[in-house]
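Each of the two complexes below includes subunit A, the first together with subunit B, the second together with subunit C.
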Partner chain A sequence: MTAIVRRLPGLPPLLACLALLLAWQAFAHWAARGGVPDALSTVRELPLILGDRDSLGAIAESLRRMATGFAIALVVSVPLGLVMGRSRIAAALLDPLFMIAYPVPKAALMPLIMLWLGVGDASKLLVIVLGVSLPIIYHSAAGARGIEEKMLWSARAMGMGPVGRLTRVVLPAVLPEILVGCRTGIVLALITMITSEMIARQNGAGNILFSALDMAQYETVYAMILIVSALGIALDMLFEVLRARLTGWADDPHLIAAPPS
Partner chain B sequence: MIALRRESLLGLLPILALLAAWQGTVAGGLVPPALLPPPAAVFGRLGQNLVDPAFLGHAGVTLYRLFAGFLIALAIGVPLGLAGARIRALGAVVRPLVRVLAPVPKIALYPALILSLGFDDASKIVLVVADALFPILLATFAGAASVEPKLVWSARAAGTSAAATLWKVVLPATLPAILTGSRIALVIACIVVFLAEMITSTDGLGYLLVRATRTFQIVDMFVPLLAISGIGLLLNGALALARRHLLRGFPEEG
Partner chain C sequence: MSATLTPPASAAPSGSTAPMIAIADLSKTFRRRDGGTHLALDRIALDVHEGEFVSILGPSGCGKSTLLYMVGGFVEPSSGTIAVGGRPVTGPGPDRGPVFQEFALFPWKTVLGNVAYGLREAGLGRSAAEAQARQLIERVGLKGYESFYPKELSGGMKQRVAIARTLAYGPAILLMDEPFGALDAHTRVRLQNELLGLWERDRKTVLFVTHAVDEAVFLSDRVVVMSRQPGRIKAIVPVDLPRPRRREELLLDPRYQRLVIDLEAMIEDPPEDLPA
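Right after this comes the complex of A and B.
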């Protein structure tokens, strides 16, 4: 059994997916109420949505926004986090501000931001950037704080300049921790993506989901939930492959790290 | 101590700068007050609301949902994490399930929860449970799996039963990890309960934001946001105190 699992690392999660679908099917039968469509009919609904050009375009639009927002957040947050981790003054300056900002639901800023920037792409992008930034900043800072000083001293003693130290010592050493932040960031990006589209109903996956709920198209609601969940799982798996490639040398990253103190 | 105080003063600077920029933008007439009210108006309204029983009632409803969800998540996550890490067969089942369920954006499940549990507290509490559970479960699992085996062996060799070892050795050794997970879970619970109340609700802080948006009361839109940020800060502080109290004697904690 262990040998099979080692050969096919995707097998247990796949079995888990199947088990969950089965449990859903059984629950729908047991409950036998109008509200809960069973798993089978929901899965049958999937081709209808995925085959529809408009819905597919809307989902692609959501993903494009999420990817853009994530990329912007990454470019801004990693340098900021590194500076906060290496400089006591920068950390003292910025820590309290981020501590106040952390528990504010970023998607809840949507109504305000819509007043300023309109219902279009700009507001949704901004909300996603805000939502993703904080965990990445936090983890980059924590990683940079934890760097072994001796490595920096050695690099310096061997004549490496500050730029070289930053790109060839600090960045690789912090990478595993940055990726932990990115993983939280992906989950938050999905949440903000869905919620921002739910509030500014223009297009996107969140719009389809909540409009279907309002119009009582329950099969579509459940099928969209399935699609969004699959997106989350797929992104997580993709990320895991990327992480193994980039930082296969590091110890298994702790699944979870401390939040801002 | 003086250095510490100076650092915390330094931290006030960007916040004050932000407030000054806000005041400057409004006073300079760069944006109409209908889009960005002056900070004095926002904080004044917050002060008024904090002694207003109706507002406190809404805040209380939000807190009730938040705590109910968080405590249920704690009651499920900690035992499941401990058992999953110590019992191999259970771990083999729990691990792939968590792997699949953790990255699912739970807010997308909310429509299904509304349909099966109704618009009331139940659907919101279950949503908070679903979101707060995984940080706690993952942290407990990782913490319990990395407990020094020699501690467990010593306890077993000294005649402690397997169940008592779990309770007396593994649980205390996992406590730091559980508290770390709880902290993340609390922040997420704050965010999720607010969003759920924005989607469908007739009470709570999230509802206040939606109501203010619909009636275009811009000052009232800021107040619930400040309130949830304050709640998050207070809870974080309370948890930090609890951590210091519970982890007396642990190395490198505090």
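Right after this comes the complex of A and C.
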């Protein structure tokens, strides 16, 4: 069995998916009531959505917004987190704000944000940025706080100044931790993307999903859930490839469950 | 006790050029968590001369690391002065190269990248820095490992890299804080021999912290013995053993044995609460 798995690493996940679809099919059959389309008719719905120019455009629009929000969050949060982790003053000022902001469901702020920024791109972008920022800040700060002090001392002895130490010692040293935050950030980006489009219906994947729900087109709803999930899985796998390339030098961070090898 | 002991004050060996490291009346107080204070080092006075190998020997917690960190400029003294090369210490600098028990390598850099780092930092071009780094890597016996990352190395190899990384930027003084403390006995002896070999070639000034008596005697010109609570210098013991030293010969030398026995007796904590 292990030998087969080693030769075909894709086999177990494939089997798991098949089993899930079968269970779904069985459940729909057994429940046999409205609102639970069976697996087969949902899968049949997929080419209809993915073949439709408008739907594809809407999904692309969502992804573009998500990527933009993620990028903005990354650029702001990493420096912020690193400074919070290294400077006692910055930590004293920002830690309380962070503690308050952390547990707030960001999508719940959407209606408020819409009051200021309207129902357009800006509101949704801001919600995504907020959702992605906090885990990245958290992990950047925790990583920077836990850095081996003597590594920084070694750099100081070589004559490196404070800015150099932050960008050329702290940043690379904390990169594995930052990427742990980014991985959580990707999931949160996906969630905030969909929920923001649910609240501010205009376009995007969330709009397709929730409009279909309003019109009781349950096959479309379930097919969209499948598509969004597949997107999430694909993004996560892509990210793992990137992470392995960037931080192959590091010990595996304990927070990331290593895939069986 | 033995006739080899001298009182702390008469620290300087033969010749009286200005000391490379001059420590005078140096104290360090730490603030305790409960608001109180803790006197870690109490009025330390020590001169180290150019090219001298001086060990600081004492039980754990007597302030050896703190003393070394203050010479390195990483920790500020509470009172007293430290001068290096005649100038007061205000912070770290490339004239004093630290080597830590924790290695503290840059894990995202290869062996070559680590050793070349200080040279690049000093403004050398990549190819020049790497050429010099390769020579040093060979000198510490790691030829062939240039492209390895620290996580792929054993503890002994990591410390060799750390020593090469520090030697690379040419500090006049090496500050070594129990550099072999985390290594197994066999590796420790090998690295002691290699360090002595390196030192006998270019005679840098070395301040070497250890709690191992045999290590201190084997390597040093003088051994500074410290006592605990508060950290004080108990005695400064010259090691008049010929160089170059070979471990096999030294172990059989009665003078070496005498020194080890005397020093071991000195670092043992005195029995507490005995009536005077």
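Keep this in mind: the second predicted complex is superposed on the first by the 241 of 261 C-alpha atoms of A that agree within 3 Å, B and C clash if a C-alpha of one lies under 4 Å from a C-alpha of the other, contacts with A are read in each partner's own complex, and residues count from 1 in each chain.
Keep this in mind: contacts are C-beta pairs under 8 Å (C-beta built on N, C-alpha and C of every residue); 3 or more make two chains touch, one makes a residue touch a chain.
A quick note: this is a predicted structure, and the numbers were derived from the prediction, not measured.
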| item | value |
| --- | --- |
| Residue contacts on subunit A - larger count, subunit B or subunit C | B |
| First (subunit B), second (subunit C), both or neither touched by A:Ala173 | second |
| Touched partner set for A:Ser154, first subunit B, second subunit C, both or neither | second |
| Contacts of A:Trp249 with subunit B and subunit C, given as first, second, both or neither | second |
| Touching partner for A:Val228 - first (subunit B), second (subunit C), both, neither | first |
| First, second, both or neither for A:Glu219, with subunit B first and subunit C second | neither |
| Common ground on subunit A, meaning residues reached by subunit C in one complex and by subunit B in the other | none |
| Residues of subunit A touching subunit B in the complex | 12-13, 15-17, 19-20, 31, 35-36, 88-89, 92-97, 99-109, 111-112, 115-116, 186-187, 190-191, 194-195, 198-199, 209-210, 212-213, 218, 221-222, 224-225, 228-229, 232-233, 235-236, 254-259, 261 |
| Subunit A-touching residues of subunit C, taken from the complex the two chains share | 72, 74, 91-94, 96-98, 100, 102, 104-109, 117-118, 121-122, 149-151, 165-166, 169, 171 |
| Complex interface listing, subunit A residues touching subunit C | 148, 150-151, 153-160, 169, 172-173, 175, 247-251 |
| List of subunit B residues in touch with subunit A within their complex | 7-8, 10-15, 18, 31, 35-36, 92, 95-97, 99-109, 111-112, 114-116, 135, 138-139, 141-142, 180-181, 183-184, 187, 190-192, 194-195, 198-199, 206, 209-210, 213, 218, 221-222, 224-225, 228-229, 231-233, 235-236, 240 |
